[in-house]
Amino acid sequence: MINIGVIGCGYWGPNLIRNFIACPETNLLWVCDKDKKRLEKVMAPYPGVNSAEDIHDILSDKNVDAVAIATPVHTHFPLAVTCLENNKHVLVEKPLASSVEQGEELVRLAKENNLQLMCDHTFCYTGVVRKMKELVDSGELGELLYFDSVRINLGLFQQDINVIWDLAPHDLSILDFIIDETPVSVSAHGVSHAGNNLENIAYVSLGYNSSFISHFHLNWLSPVKIRKTIICGSEKMLVWNDLDPAEKIKIYDKGINVKRDDHENRGRLLVSYRSGNMYAPHVSQTEALSLMVKEFASSINEKRSSLTDGEAGLRVLKILEATQRSIKADGANVRI
Amino acid sequence: MINIGVIGCGYWGPNLIRNFIACPETNLLWVCDKDKKRLEKVMAPYPGVNSAEDIHDILSDKNVDAVAIATPVHTHFPLAVTCLENNKHVLVEKPLASSVEQGEELVRLAKENNLQLMCDHTFCYTGVVRKMKELVDSGELGELLYFDSVRINLGLFQQDINVIWDLAPHDLSILDFIIDETPVSVSAHGVSHAGNNLENIAYVSLGYNSSFISHFHLNWLSPVKIRKTIICGSEKMLVWNDLDPAEKIKIYDKGINVKRDDHENRGRLLVSYRSGNMYAPHVSQTEALSLMVKEFASSINEKRSSLTDGEAGLRVLKILEATQRSIKADGANVRI
Amino acid sequence: MINIGVIGCGYWGPNLIRNFIACPETNLLWVCDKDKKRLEKVMAPYPGVNSAEDIHDILSDKNVDAVAIATPVHTHFPLAVTCLENNKHVLVEKPLASSVEQGEELVRLAKENNLQLMCDHTFCYTGVVRKMKELVDSGELGELLYFDSVRINLGLFQQDINVIWDLAPHDLSILDFIIDETPVSVSAHGVSHAGNNLENIAYVSLGYNSSFISHFHLNWLSPVKIRKTIICGSEKMLVWNDLDPAEKIKIYDKGINVKRDDHENRGRLLVSYRSGNMYAPHVSQTEALSLMVKEFASSINEKRSSLTDGEAGLRVLKILEATQRSIKADGANVRI
Amino acid sequence: MINIGVIGCGYWGPNLIRNFIACPETNLLWVCDKDKKRLEKVMAPYPGVNSAEDIHDILSDKNVDAVAIATPVHTHFPLAVTCLENNKHVLVEKPLASSVEQGEELVRLAKENNLQLMCDHTFCYTGVVRKMKELVDSGELGELLYFDSVRINLGLFQQDINVIWDLAPHDLSILDFIIDETPVSVSAHGVSHAGNNLENIAYVSLGYNSSFISHFHLNWLSPVKIRKTIICGSEKMLVWNDLDPAEKIKIYDKGINVKRDDHENRGRLLVSYRSGNMYAPHVSQTEALSLMVKEFASSINEKRSSLTDGEAGLRVLKILEATQRSIKADGANVRI
């Protein structure tokens, strides 16, 4: 049984609280928030859990094994450092930190102290994304050819970050989870329509050492909501429409076969087309967060890295930083 | 009455023939094709029209006012030159020619000889595109913010051109028709999966001197067919789904209002959101080609440039050439 | 301020509790449930509200003005009778009671005691249904021609009622709310596939004294979920797709014009077709239940019938009973 | 090689002509139409085929083996009788004739003269319907539970027949082709909005000796076009959406398992739900008509009944007649 403290009762904290309480492998000891009123309101249904306005109540409790941090992004780093220095395992909301430098420091600290550092890439624990990973890993799609994602709607214009830092962490954590190959460069184009230099529409292309390519359309200013990802393989092609209430993933037995005509037309390519069945696999409905907190507990119990560990959070940060540099340099190719 | 000759009986020629015959302002005198069998088959239902295997039969006929060229792209330039030199008005299938240099020469020749040169940008004559132009021109959408187009499916891999030269002329001619502002730079990313150095997937971003942006996803290797364009304005947003059999255009009364908070939070932006009715305007079902051939005849009769004249064809060529340079330079920004 | 007691903490009760607390015109005094554990769990976040395991605690409290009943259907009648006899206004979950006879008795009792009796036809308070009523009442649709509803999915097979008693109350309460004309007969067809004589698929046709017709497809055994209603008028036609996350109502400016050809073909009808714009009106997102509880309070304060009063509940019951008779008589026409 | 004559060059005739010419097992000798102009226009591309304005030119030609009749419905019977009496095999457009009596006479005549009589139920030769029959016949769907079809749009109001005679032949011929069990009764409801006593909206329920049920919504006055059929089986459920350009048939591995609880609650049913993968089988794109004319030729060559023989046409006629009686009797159950 892993004893847990949660820091932060804002938007996401209550979800963590609910799942840590429900998880048979975790025991929620403390919840902390600086805002006393919010804390009281959130904790009303849980009289058996301790409330704290100061995190040191948690850190000084020797029974606490691990801390989950669900606070604003710029506080992730200092809070995580303190927790790690007080010998607590740490789970951090995404993104892991505000910069690659901070992320690297957290990863180093955790390793040094033999502690688990995990990043809450929630999407990776959904039935849909796990199924996609399973399909890719099994080789059913064949050699992977491209990854294309559209994540657009009329969304909340953030005040401090652009649309990339707001939406891309979802896609990049999924990409990192499913696709083995590592991107080596990024080119990003976007504009700001609100006059504050924060892009509200962006197009991001990731380059690889192979002929694989990935691309992301991120947009807060679209009249229609679209959440659609294509993962194209040489054998099969997959479309994930997250807004389809019934069949979120469809796998198409479609593709091309390429032959070189060595006789009549030297070098001419002969392309033929395949079009077979489509199927939509049944996808587990288990709540992603329940699996995420279980994985956190298991990684601590089994003294192993979690599926979305600090390194994964760091890889996402690296792409985000490079993307930011590219978009400010008019789409120039930036090495990752 | 404009007397017409048509060169080329392949895929597109028969459509031109049918429409020139139906148009009350044109009189089809000649049809020419080097392939005698194909010519005979196509002309069987039209015994009153002359057939020719040699274009000089057409060029030497003093009664012929204008020639329509529907042949492979690399023959557009020499054929159009010959026709213009023989004092015939010219309609050319898109793209206008194989290079900007050729396109400029054609435009120059036509002007010098007081002849109409027109490019068959068919999409510009559809009810849908005309309605979109009307909406943009009327100011109903407000200030234009971006143009995003997705044109993907499991398509025929061409042997001599990449997916950009195959599909982008559609989008670029529509962009040219509807959007007044001229793009100044392009960045294009893409890869070839067939091993022949011809990209089958490409992402194209056009940059402007303002905060307008346009983007195109072109793809021969998609499991699903998508034909969707968003034109976002400051007042209203438009979505064109060309595969919707009933309502191809939807106009959303949605948007944001941005205010600067000069009191409490200096510089902080206050963004509020509007969400009103959506409507789908009734769109004319008149065949685009019938309007295109009528416009060709009218431009000749009225001695004026047509809606999609040689200059329009040349503007599209300029973007295509710059895009090609960018994709071969790994997405580098190329001036148009 | 109306003082309220709620009876029943099952599926629906907590929603009523939340809304009575939030409503500025109501004051929640008591909540009652026979199951002590469930009661405690539901009431944990509301320490200021009294809990009771026996309804007489509520009925004997002179401060209580009105009682809301959210218990199993067969208990609606006895509970409502007791409340009315104790001089409390009553709100009952749908359906109002188990039979027309019971419903008539409740309506009589309420009238005799000058008390408000209201039925919680929640759908009638949604933005969508209110907008549809507004469109019909304004005459925008013209003369109404038919009402067609499909409400199917792989649904929970109820143990005590067939698919009609489970799903049709939704549609019939909406029909009653929007359509002025009263059905005079019903014919219902259906079968049971579970071997328990409770139909899991049913088709219900309502006949009228005019050429209006309404029809309902109700189905627990469909692979796909459909919630679609067409209200066709002589001027415009409306489609309500409750599963569309963005545009639930679409209004089509479509129709036919019928003329009688008195010259050439005596009696022959000349039908011409109109097809204009479609639009999707913006629909209020206010929670239906919040408007429902407000209407309950207002009807008491203003001593007037509510929008969905006991009479409305009774009209729905009458159709349900007739439908049940028809389906058991192999679809025979039954007078309502 | 079967020598063919075609009677009728209206809407459907040219399709038959094209397919008889393309079919390697048929030889088109004659085409006949009373309207000389129409005949000349249709036959222009086929100089090698004989034209006739009088059917006796065809009937007296000893080389003609079979005649296809594509004329108005009320002429089907007299023309087919004449052809059969002149010893020609006969293919008739649907419906087979104007009444059951006529249909029975045709079937009798054909049998008496050892001639093939076939009804052109084109839908039965589409890839989609053949695939559905294959799935049903293989037992993959399990025991069949119901057949539900919606065929509605803003359609052409016919002058002489109601919406049932116009649209139901499609559905009834498909039902007859796929479902072995024979309906024993029909109940139909509908109204006429054009004031000519011809229903433009109709709901048709077919009853069976088992707990199978089938239902049809037919409608000329719908703002949206829907072509959707559900065939529900105990093992799997199938949805055919004919307007889906990509995946017309979807098969859902969904269903219920019903057990009787013999212990605690005697007689109480325990219903559990299955929800597995969905798949969309690849469907042959071969033109239905090409398979239909081939089947006509094969049935003659092999002296066997065709897949959609006169008996099939007659079965459809019987349901149509009973449906007509029911709708005129206010939906009364009519024995078929």
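We call the chains A, B, C and D, going by the order they appear; numbering starts again at 1 in every chain.
The definition used in the following text is that a residue touches a chain if its C-beta (ideal position, glycine included) is under 8 Å from a C-beta of that chain, and two chains touch if they have at least 3 such contacts.
Everything quoted here is computed from the prediction, not taken from an experiment.
Visitor: Going by the average position of its CA atoms, which chain sits the greatest distance from chain A?
Guide: The chain lying farthest from chain A is D.
Visitor: B-C versus B-D: which has more C-beta pairs touching?
Guide: B-C
Visitor: Averaging over Cα atoms per chain, report the distance between chain C and chain D in Å.
Guide: Inter-chain centre distance comes to 40 Å.
Visitor: Distance between chain B and chain D based on Cα centroids, please, to the nearest Å.
Guide: Measuring from centre to centre gives 43 Å for this pair.
Visitor: Just how far, in Å, is the C-alpha centre of chain C from the one of chain B?
Guide: Comparing mean C-alpha positions, chain C is 53 Å from chain B.
Visitor: Would you pick out the residues of chain B that each touch at least 2 other chains?
Guide: 224, 246, 275, 278
Visitor: Which residues of chain B touch chain C once you look at their complex with the stated criterion?
Guide: 246-247, 253, 275-282
Visitor: Taking the touch rule as given, give the residues of chain B at its contact with chain D in the complex, in rising order.
Guide: For this pair, the touching residues of chain B are 44-45, 224-225, 243, 245-246.
Visitor: Of all residues in chain A, which touch chain B in the complex?
Guide: 145-146, 148, 150, 154, 157, 159, 187, 189-196, 201, 203, 205, 207, 211-213, 215, 217, 219, 221-224, 230, 232, 234, 237-239, 250, 252, 254, 256, 258, 260, 268-269, 271, 273, 275, 278, 330-333
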